[in-house]
Amino acid sequence: MKKIKLAYVGGGSKEWAYVFMNDLALAEDLGGEIALYDIDLEAAKLNQTLGRMINNHPETKSQWDYEVYADLDSALQGADFVAISILPGTFQEMESDVHAPEAYGIYQTVGDTTGPGGVLRSMRTVPIYEEFARAIKRNCPSAWVLNFTNPMSICVQTLYDVFPEIKAFGCCHEVFHTQNFLCRVLFELKGVNVTREEIFTDVAGINHFTWVTEAKYQDIDLLGLLKEFMEKFPEGCNERGAVDAYRTDPFQSANLVKLDLFRRYGVLGAAGDRHLVEFMNPNWYLKDPEMIASFKFARTSVSLRIAKRERRIQNLLSLRDGKSPLEVKKSTEEAVDLIQALLGRKKIVSNVNLPNQGQMPGFPQGAIVETNAVFSHDSVRPVVSKPLPPLVQAMVLNHLYNLETLYQGIKTRDLQAIFRAFLQQPLCANLRIEEAKALFRTMIEATKAYLEPYFAVNSF
Amino acid sequence: MKKIKLAYVGGGSKEWAYVFMNDLALAEDLGGEIALYDIDLEAAKLNQTLGRMINNHPETKSQWDYEVYADLDSALQGADFVAISILPGTFQEMESDVHAPEAYGIYQTVGDTTGPGGVLRSMRTVPIYEEFARAIKRNCPSAWVLNFTNPMSICVQTLYDVFPEIKAFGCCHEVFHTQNFLCRVLFELKGVNVTREEIFTDVAGINHFTWVTEAKYQDIDLLGLLKEFMEKFPEGCNERGAVDAYRTDPFQSANLVKLDLFRRYGVLGAAGDRHLVEFMNPNWYLKDPEMIASFKFARTSVSLRIAKRERRIQNLLSLRDGKSPLEVKKSTEEAVDLIQALLGRKKIVSNVNLPNQGQMPGFPQGAIVETNAVFSHDSVRPVVSKPLPPLVQAMVLNHLYNLETLYQGIKTRDLQAIFRAFLQQPLCANLRIEEAKALFRTMIEATKAYLEPYFAVNSF
Amino acid sequence: MKKIKLAYVGGGSKEWAYVFMNDLALAEDLGGEIALYDIDLEAAKLNQTLGRMINNHPETKSQWDYEVYADLDSALQGADFVAISILPGTFQEMESDVHAPEAYGIYQTVGDTTGPGGVLRSMRTVPIYEEFARAIKRNCPSAWVLNFTNPMSICVQTLYDVFPEIKAFGCCHEVFHTQNFLCRVLFELKGVNVTREEIFTDVAGINHFTWVTEAKYQDIDLLGLLKEFMEKFPEGCNERGAVDAYRTDPFQSANLVKLDLFRRYGVLGAAGDRHLVEFMNPNWYLKDPEMIASFKFARTSVSLRIAKRERRIQNLLSLRDGKSPLEVKKSTEEAVDLIQALLGRKKIVSNVNLPNQGQMPGFPQGAIVETNAVFSHDSVRPVVSKPLPPLVQAMVLNHLYNLETLYQGIKTRDLQAIFRAFLQQPLCANLRIEEAKALFRTMIEATKAYLEPYFAVNSF
Amino acid sequence: MKKIKLAYVGGGSKEWAYVFMNDLALAEDLGGEIALYDIDLEAAKLNQTLGRMINNHPETKSQWDYEVYADLDSALQGADFVAISILPGTFQEMESDVHAPEAYGIYQTVGDTTGPGGVLRSMRTVPIYEEFARAIKRNCPSAWVLNFTNPMSICVQTLYDVFPEIKAFGCCHEVFHTQNFLCRVLFELKGVNVTREEIFTDVAGINHFTWVTEAKYQDIDLLGLLKEFMEKFPEGCNERGAVDAYRTDPFQSANLVKLDLFRRYGVLGAAGDRHLVEFMNPNWYLKDPEMIASFKFARTSVSLRIAKRERRIQNLLSLRDGKSPLEVKKSTEEAVDLIQALLGRKKIVSNVNLPNQGQMPGFPQGAIVETNAVFSHDSVRPVVSKPLPPLVQAMVLNHLYNLETLYQGIKTRDLQAIFRAFLQQPLCANLRIEEAKALFRTMIEATKAYLEPYFAVNSF
């Protein structure tokens, strides 16, 4: 049995930590230490308690020493793996990120990746990631670093820019849902019932704006089935449930945007509709609440997120206190599988965010892109993706150059440069320049508690 | 004295032909045949008459045989140089190109390069240029081809796509005006009075959306003077005359857009403000007539163009009939100088539109770009331009991929593909997808007389 | 059970066919037709007989219809897979290829890939492959084409140049031996006993001149072990047997060249020493027989090949006649596994020859390179390789530009261009220009029976 | 009149300084200080004396203050231009560089750029240039730096690597001779008598291994004349004098190598034959003295260089002492013209060594290459060159990767890495690895006086 040390930065997580501890418990021939680090020490301790309870569960295969650290360096010291999943700021900042732009007619469905919300969140996140990168360099330079935090691209970019030799990559499960959707298409048209691991997709793009350029089950061309599928399901189709489930659960959708994009470009958007729409002209799918409803997806409000987390905390406390029974079961997440692959126990081909080193020809070298990669013995090698159609390539490149400008602006603490990237967000396209300035000013003011350590907020 | 044959396609021109014949008359040690070809034979004959009158003028240095041809092949047969300057369609089509989009809140200032007008004009132009390219290949494959027709980029692209060995380039004087503006800046701040030939500018971009990335007079950094210049001229400055001349002559402006872009990006747009604005977010400078006026530039209406041409025709007839005296004088155009350079009489470094072969690193190979080139003995070699700032690069790339999609769509006569390029025009950014479709339908319907030979107009 | 048609071009093979039929017999859930095509019809029929005998063997899992075709089109018609493994010309031509250069002090160890022998063999092969490509386009344009013929690179290049949409790739097992060698290293130094499938290697280069840039078993860096390994085995090490087995079997070696190259460049040549040496300065490892012996590898003479084949034919006839017992067993070849992967039954990451589409950044697009690729459902996607050291990159690039010149020369039947590529072969480096011409003349004369249909042999 | 400060590093030069001072004396509207710096202070003072004498000559147009500095920083302080032309080491080291390899059958014709001599000279030069770059950064970061020292490529590479913002370029007149040769071709075949400034050549490659890819006079294709020229002049042609002048002056040749290469590759080597041959297979033109003589070029021995310099010193002293009359006349060098161009008085298109930024597509970014560039107001912009034939590209790339390895080796003071670059020099191609090692050891030992401050010479 292999013993490893895994440092979990953001180990006080209410959502993903429990899922991850479950998957770790079911790992074969693996064990060691999980070093929980969080600025919310109590939250980390709760996960420690739950982790230890999981250790005692009869289904559990692997034992883990859950340790809580108050300082980052100790948590990272000698780690073999580092998982990072943090929330930069609080729901108060997120409230501004997501909802402040609504006063200007900007309806963000997610607000954490791109658009005004993505820019502001990046401003809070990058300075923290600069410190993470330096700490990893100091304490565990050979560790594999798995990033789960959004905005994904700029987090991974920060890690590589500060510590170029880092072995980091970014994991995101949005592509998985699109793969599930393709399995549904296969089932509906061919009666074949398979899981996403049983099909092959080639993906290319950037996180949350990734595209399936080829999809195959055996010799069946899954993208080739979509025309017939759209005729059969003119009202759309939700791979997770009812076609109108988005009304109560904004994380679901009818995939109508995805299909409309496929009709236009011939490639399939590989993220939830709520993500895809934020990267494009807002007058196409996000002009107003009616248009949004007509395409059968929904916005995630921060109040809903707050309520959801509150329920989650109650669930965790209930588990801790023995009021609800603790079950141990495998999730659909891949993190533990990727760790096993990096330990040399299997080869996995999956989508991942990495600096471009040839996997997306025609895109700038070093830009953070999302494509497939081969995960195996202590190695992650990207797979060359098929080319995107020119108009999609143009949209992706626009975001890459925006991101580059945004990153350099944050790195140099230059609010004017950051504003230039803000102005050129597709989601800000309907604003006059002066309106964009006013909105940016409002948003940095509303979140200044987290910005002032780094930026001269009042100077803008 | 060198004798050449120059075929002038569009030789019935009312504007540029007379200017060109003047410059030809003043060329040193040069002569030969000017083969005028035009679908308007009478117009070509008028120019022939004027040309012969110029031959007899005492200031004239070079004699030219002006011949009118009714068919293209004869005109091109054995030519050493070909100049192409045509109007695809009539003012009736242009009326639709420029003004139909106004019903959708799209205020085009020029309407012949990009945006909805540029797309429609391209649809009329590319099929004609396909024939030009084939005819050049048949009749004068070694000739140098100077293109003056807009939309410049797609005309040059068509020539190279149909006949890859062609020796063609596209000439545009928009950069000259920006150079004149920089001379004005130099004069205002340093008291130095020079002409544009006496400064150096590095340029990069695409036609009408070109950028000066470096400008020097001796060791004075002209871009470095702009901050002070903007402070001194907060109301703008028109290198051709009064700052509000745009009110009566829409070809002039106060350069406020150009300066605002410089403030944002640190590079200077190298075309008239009326051109630059059409390539960017319409909410920045073109949202409504008030915003346009506030930036001190104006729209060129087609009625104004018609009136202008009418006056021009009267002038030419008056010259022909001896009612007004014929003068022969050098223009500020470069065409004859470029011809002299290609004949090996001088070296010229000037801006030109050519397929990218390295002059704009980071841009697709083969895309038509505008940079400097060295013109000399039978050779045009592009000069590597300095890099554009990332956000400007993103805007230029967006147009290049749009153009690629548009060109392939026209080449394959595929209205759906053309519409995709139409939809993604920045000038169409404020439209919903259905609105864009309706506008496109209106515009192809309005200009169908010139489209139906090539496209199944009713099928869209 | 999936039924497929596999066309086997060169199906009269004495070596590989029997191995392949064994692997096919043991394939799971697979069956269909094996269409044997060979210019030696009798040889194909012998394989048909043997194939049918294998069908009757108790260990056999899959039944195959072995059909012999006298014409290529019928064999290919409707095929799902095409395997090509031919010998261009006879042993008489090979005798000239391999041994004629010895008169000039050129000691070829293989003589079928690069060097004078490789050039001559290419001249015989490319015209045949042009016809194969056209026939595949006509008869089975969607088939997957597996090439096994040498010279590998130029065969694959011909297929893609003639039919750009072809789904072809080239398979070679040389890398496997190097992987076995690395397993041996792991065993000798760490006592861990694994097979090549259990380690990971990143490979980059061209066929027979491929390099391992990274090799890992779990988190053990296998290349990092080589320094100690070289100290422990100063006399070299043969992963297949005794260190001096090369004395009797020239296909084996002590890997001393491979290790010497690793010492110099820090990456490990991933082909047999006998292949590697032919791509480099002949004064390093091939100056004379003594130097060759001192590095413990050997030359494969054609007489030895003839004797070997004679024995092989006797073995096959003996099997056919029931004089020796027929066994059915899995080989170490991968062809059937790759077919299973392409049918969607597994994912395989293995080395393969494909046009460069990003997998080797810094190398020309479209050049045939060998790297890893992911084989899965109807898809082969190359993996981006790690960069080669500059001096190795220079050697590989030299061969790629040589190959490009050679290919264009053969394609245009231009003996002068072919000679330019011949002259610049590293193996010809010790020749004066006139000597190179004389040798080339001798070699085309000696093999003219196979060249005259395509080249004006006497004109050189 | 413009006043400038020009720092002349190596200002004690016996050859180029006097020529340069003549050109400076004849410059229009220019004057200022020439800051002479040399480790041989007396030599600098001699040039100062001569410079002042030139000031007093009646033909002189510009007055210059010639100052001698004993330390580099003072000389550079505030300079507008820096010219660097030094001899790294003495003739004693050069004796080893050029002649030591002869014992191994390596006949170097120049021995200062590539091959064993070039490697050793680079080892002495790069550490000095590292200091130059740092001193320029300290004292005159905006100065234009003109390098004339060989090995040109690695000198320019060092300057840019140490101080990336430097405004440096490398000047070499070898291309001029080839242009003169082309003028001779034009005269011989067409009777047209022009100077090199009146033709156009496109050049591409690296210093001393540059190639003319296109040459035109008006519309006459000069490369197209070479076939006829070779027939007319089978014995070759020396643009500077008699065809066998090489017998007494090894700087001349009959251009037979250049023409042989043109016959093979279709492009014309743009350096003296004595330079070109050192970059290629030594068995083609340098196998032995007889072969060298048969191609009508010669080796420059160091004893000849010593004798030549001795005569030169006598001439200078004779001028100083008034024993021979001082004349002031314009040379054929371009340095002063380039300075005038950079001051904005003219535009010049000429060949220059610069980091690749697009001017040679398909070659590594940042590698030092030689192409045309436009020199104008405070700006040097490279011109995109036409592609080289694949086999020439391969030879040039080989040298670029060699240079990269050599430079990194010297930068990190790593003798093993340097040896790897030494071994892979084409001029070392006939050596066994052990012979190459022995020769390298001999050469570093012979020149260790200049190497020991930087390298652990005995450790190899």
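Which chain is which? They are A, B, C and D, in the order written, and residues in each are numbered from 1.
Note that in this section a contact is a pair of C-beta atoms (placed from the backbone, for glycine too) under 8 Å apart; a residue touches a chain by one contact, two chains touch by 3 or more.
Remember, it's a predicted structure, so these values are computed and weren't measured experimentally.
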Where subunit A and subunit C overlap in contact partners, by chain label: none
Most distant chain from subunit D by Cα centroid: A
Gap in Å, rounded to a whole number, between the CA centres of subunit B and subunit A: 46
Where subunit A and subunit D are represented by their mean Cα positions, the distance between them in whole Å: 55
Per-residue multi-chain contacts in subunit A, two or more chains: none
Category of the chain touch graph - line, ring, star, complete, other: ring
Chain-to-chain touches, reported pairwise for every pair that qualifies: A-B, A-C, B-D, C-D
Parts of subunit C lying in touch with subunit D, wherever the complex brings them together: 264-265, 281, 283-284, 287, 291, 362, 364, 389-391, 393-394, 397-398, 400-402, 404-405, 420-421, 424, 429-433
Parts of subunit D lying in touch with subunit B, wherever the complex brings them together: 198-200, 202, 214, 216-219, 221, 343-344, 347, 349, 357-361, 365, 372, 374, 376-379, 381-386
